[in-house]
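Going by the order they are written in, the chains are A, B, C and D; count residues from 1 in each one.
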Amino acid sequence: MSSWGEGVKISIFGESHGPAIGVVIDGLPAGQKIDMQGVYLQMSRRAPGKDRAATPRLEKDIPKVLSGMLDDTTTGAPLCAVIENTNTRSGDYKNIMSVPRPAHADYTAFLRYNGFSDIRGGGHFSGRLTAPLVFAGAVCRQILEKKGIKIAAHISSVGDIEDSRFDPCSIDDELIERLSSSTFGLIDQKTEEPMRALIEDCRQNGDSIGGTIECAVKGMPGGIGSPMFYGIENVISSIVFGIPAVKGIEFGAGFDAAKMRGSQNNDEFYYDGDRVKTKTNNHGGILGGISSGMPIIFRAAIKPTPSISMEQNSVDLSEKKQAVLDIHGRHDPCIVVRAVPVIEAAAAIAVINLISEARCHES
Amino acid sequence: MSSWGEGVKISIFGESHGPAIGVVIDGLPAGQKIDMQGVYLQMSRRAPGKDRAATPRLEKDIPKVLSGMLDDTTTGAPLCAVIENTNTRSGDYKNIMSVPRPAHADYTAFLRYNGFSDIRGGGHFSGRLTAPLVFAGAVCRQILEKKGIKIAAHISSVGDIEDSRFDPCSIDDELIERLSSSTFGLIDQKTEEPMRALIEDCRQNGDSIGGTIECAVKGMPGGIGSPMFYGIENVISSIVFGIPAVKGIEFGAGFDAAKMRGSQNNDEFYYDGDRVKTKTNNHGGILGGISSGMPIIFRAAIKPTPSISMEQNSVDLSEKKQAVLDIHGRHDPCIVVRAVPVIEAAAAIAVINLISEARCHES
Amino acid sequence: MSSWGEGVKISIFGESHGPAIGVVIDGLPAGQKIDMQGVYLQMSRRAPGKDRAATPRLEKDIPKVLSGMLDDTTTGAPLCAVIENTNTRSGDYKNIMSVPRPAHADYTAFLRYNGFSDIRGGGHFSGRLTAPLVFAGAVCRQILEKKGIKIAAHISSVGDIEDSRFDPCSIDDELIERLSSSTFGLIDQKTEEPMRALIEDCRQNGDSIGGTIECAVKGMPGGIGSPMFYGIENVISSIVFGIPAVKGIEFGAGFDAAKMRGSQNNDEFYYDGDRVKTKTNNHGGILGGISSGMPIIFRAAIKPTPSISMEQNSVDLSEKKQAVLDIHGRHDPCIVVRAVPVIEAAAAIAVINLISEARCHES
Amino acid sequence: MSSWGEGVKISIFGESHGPAIGVVIDGLPAGQKIDMQGVYLQMSRRAPGKDRAATPRLEKDIPKVLSGMLDDTTTGAPLCAVIENTNTRSGDYKNIMSVPRPAHADYTAFLRYNGFSDIRGGGHFSGRLTAPLVFAGAVCRQILEKKGIKIAAHISSVGDIEDSRFDPCSIDDELIERLSSSTFGLIDQKTEEPMRALIEDCRQNGDSIGGTIECAVKGMPGGIGSPMFYGIENVISSIVFGIPAVKGIEFGAGFDAAKMRGSQNNDEFYYDGDRVKTKTNNHGGILGGISSGMPIIFRAAIKPTPSISMEQNSVDLSEKKQAVLDIHGRHDPCIVVRAVPVIEAAAAIAVINLISEARCHES
């Protein structure tokens, strides 16, 4: 299902080459003034063609708000925003109708929908469907910022090239600000050149490359999240895996914690004035599913763009035989770059839901 | 919330030192004959004291079915099973009431429940609460087995010591059978000795160690799962993060995919007779959130047991000052071992939900 | 929330005087050919100005499908349809901004949304929001018809004037067909004249009148619905009360059953060939929340249109004093007439969910 | 499904003649001191044998709390309470195994569960399953009372004999108190004698009788509830229809409103000091699904007890032929009496959910 959430529900619709895509956000508080320029900024970070490492396909991606806002202020009614599909060239994808692209959802969509899904451009599975997610996240994010909760992500790696990581115990406001408006977000900007070189090399070879994105939520109050199945990890992962190409997620020390001893991994508590903090943050701000007040830190693994220009072996589903696939569309050699604001958006939507869930259980 | 699921809902209750723990499973099909010995076997794999690497605390953990079964056959009514708490020594935990244990949920539970949670033995956050999860999973698992869907997991690593991985394209039935009844499940049994030695070393030092668990679902039909937020990764991760100490999850090649080029990561399709398969399985049986018919493979990162016997720095929440914590309970130096059947159980519950969700959308 | 459903979720958005209204339907089976003319027919039954008893406001109400359909066939992706708002004259409602209209949601919306809701024309509370509901219902209805499930409703009363009731044990296919395309649906067409006279009298007097609608679902298979909270009554009522002005619902004999003895109310079972039927249908096709195979019958009570042209006492919320309200908009004197297809639509959406839920629990 | 709710979820389990019945309540605020005697009082109002008009079957119905409470104070963990089944005589129901009782769920459960449901005593469909609902309601009610929200219901009619109705605009605290502890709750106590006489007459004749229950929620703050599908009517009806034998519900003037003109039905607003009130309360405290601050008023129609001692025609499902049913169990001739506290309980659970949902949407 393309619907998600409890306190604030989002329902995403659209197909890559249909008339439009969009989102309904139900359950937002009324009276929230939204800076629409800030929303467009987030959307432009995701939009193709904004960064030179990305696909040259141009999208205007200017969302039209159909309901839920008056004078840029939420009315409390479901907020629906629609983005028209304009610059589409469906010819590029013609031969994939019966020959599924490796690592794409073509084949599984074929099974799931008995051959009826609109597979042009990936249909509902297209990365383009993350545009309404970014819209929803940008709105939620502004509401969170008024509560002092800030979210930022960066490209933590592309292939083997790694950026520095967030200082998990103390994240600089200036860094957050810089990352929040960047189209190639890095902590250590010296990493940019080798990363771009690697991406360019992949493009030249008709290949693509994967990477990871690290995301931080600063200012999360302690005591948010519920044990077991409504913990912060459950909620964040259940939305983050809705982003195409995400194949893994880890919180705090994550998979590294699996190699540690307890004496290394356990984060000591201490008093900083009258606030309880931890000296290290291997727990990523989450214990028992609940926030500790330390920054929430998670990393997502993004697989390489499935669409590559190299010849690939596949099958022809109509003729039931082997086939060779040769795709000549316009593809991002590294979707990690554009996925950064999408991860932030997903985090924002998750956090607003976690906070609204926490309110439910107040006396 | 300790409730999860749509087609089959589970609702877990209980606290470590309260009268009992248990689970309600709502929405099971009626008329399913359940082999209760098989259920007990699964529960005994998780129970402490079964394997010499685990805590010596003895639990009988014999669940009493209060409803939903007649002659070991599901009636369709909610199935409730209760496990009494008997062998508890709450004295062991006395000094943690105001001094939260590092890496435990003590502090966050304190925030979340305003100091009212029953923290004896971890309360509702105790690993003991995975017993009813294993019960629920064992029931679901038997229902899945009748459909030819089999689930098995193994200790894929403890600290730096790694077991072999599943052959992601073809998992042996005998291996599944062996793992499904093992209390120290490994693919390559030569790994057992060094792993046990490492765990023993941790125990001797009052320390603990983390690890990873790899789980496979064989026989999953293609076309199961829905795009975006009800994909297989979303559903599995949203329940798996309900297991205490899980800090990461990856599907297929997971974080390794983030280092690959598309040409390496893309799994080629081919016809094996009239069945479409992939030559490699970096996609872990999932594309666009939907099953491809290849085995579902995922790995979870388990942090080291937070309870260690070494002295640790913490804070005293009542006196608002620093404190030193010295715990003398009985603890597993490596909960990875006992978490294996829990991961399998969570996978079984996730899969039965995914399959029931798929049925909803049939015409 | 304006989202509803589990197997098939609908999410309705829009405000009366905003740019557009619409619906996202998530979870429909793929490959369903939809007769769009049939959908428009249902929408036109609800549209104002279609029947002379209704408001003269003209709406084109031609929905634009943004996603989820290709060649009038469902693709499986969320189906989004949008209806633009065109013929609106917001001047009519100007003085209600601070003076809430009696029996409208103006005042409660003011409380709920802290004064931020778009109250022009009722905003999200407007009866106009039932247009996307009818769209969704019309799509679901066609899918149900392929399974032999048919739905029809009629004006069972306006004020004290009553139409005949359905024969609860056997509903004629021709009657269903006639009602399904009628704009003033009655079983006994002799009732039409006095009803219209009563409505016209109300209009002349600047007043309005309430009524009831009876709805039948024919061909519902037995065994659908779940005990307690997912019974047919729960599911139907939870959506039907989403229709503005509905203040009551009863199933089968309903409130009349409350006056009966068991010996009168109990419906005897008998064999009609090898089918089990009941001689009477006081149970309205539902026992224990589950369908018996007899027709589902329910009636909804619709209050009189709150908007009347007579002077009414109210309060001025900005000046905090008494006020007199004198509304000069265009209003239906009897919304019961146009609510008939809306009730049918809600029933169709409820039934498709009940059927999809039933599938979840199959073995 | 026997699970219900969002902010506070309840999951009811058990079968009439199984080992036990009970409920899990997930999501309650922590730190709520519960007066357990008050809870037992509510349960005893529902228990059989308490009022002479009810069935002589004795149940101790003393719930055992398995989790979620410490020193009668909620811990925040799921609260599970179990009631053992003791005084059961399953012989009484032997012949119903293949001969479904008219107006009972025997036949529909047979269809729904393919013959596997535990039908002894009605199994999961038994009225006995309302005991855990009353438990859950009694806990929620005490939490609401601390917020000044009070709930009371009375027998508004038995057959044709009607009690007075609540003054919908102003409900006396003393009346609420009296009703809240009554086992034969009436506003006008002069109605008691004729009602008891009618019930006794039914008992003598081996027959039964239906009735209605009116329920009021006093002190409900304005602005609670969400438009469309999470309105107060939707939420209350979706749980109230979970109570066996309820066949109708109406809010405020309900079905009477359907006979009124707008000029009669519209409730005028006025200022009472600085509080906005309405002069009449035909809207039952709800406009557009949202509370107005006036008392919430609803009425439920309860069908006559299906179990009667008179001979009834039915079918034999195993032999596939007509059959005559002659039941000699112990039955309530009028379950309306014992359903009063059940309706109150359902209202309490609904209201606590509505209030927790409202908190979600605060900024």
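Please note the rule applied: a residue touches a chain if its C-beta (ideal position, glycine included) is under 8 Å from a C-beta of that chain, and two chains touch if they have at least 3 such contacts.
It should be emphasised that the depicted structure is a prediction, and the values quoted were computed from it without experimental measurement.
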Query: Looking at C-alpha means, what's the farthest chain from chain C?
result: B
- request: State the pair with the higher C-beta contact count; candidates are A-D and A-C.
  value: A-C
Message: Rounded to a whole Å, what is the gap between the Cα centroids of chain C and chain D?
response: 26
Field: Separation of mean Cα positions, chain D and chain A [Å, integer]
entry: 45
Message: Could you work out how far the Cα centre of chain A sits from that of chain C, in whole Å?
response: 38
Message: Which positions in chain A are in touch with at least two other chains?
response: 1-3, 12, 27, 30-31, 76-77, 109, 112, 124, 226-227, 357
Task: Over in the complex, which chain B residues touch chain D? Could you list them?
output: 1-3, 9, 11-15, 18-22, 24, 26-27, 30-31, 64-68, 70, 73-80, 82, 109, 112-118, 123-124
- request: Using the touch rule from the top, collect the residues of chain B that touch chain A in their complex.
  value: 1-4, 12, 100, 102-105, 107-109, 111-112, 124-125, 129, 157, 159-160, 202, 207-212, 222-231, 233-235, 237-239, 241-242, 244, 246-255, 257-271, 274, 276, 278, 282-284, 286-293, 301-308, 310, 312-315, 317, 320-322, 357-358
- prompt: Of all residues in chain A, which touch chain D in the complex?
  reply: 6-8, 27-32, 76-77, 143, 146, 226-227, 356-357, 359-363
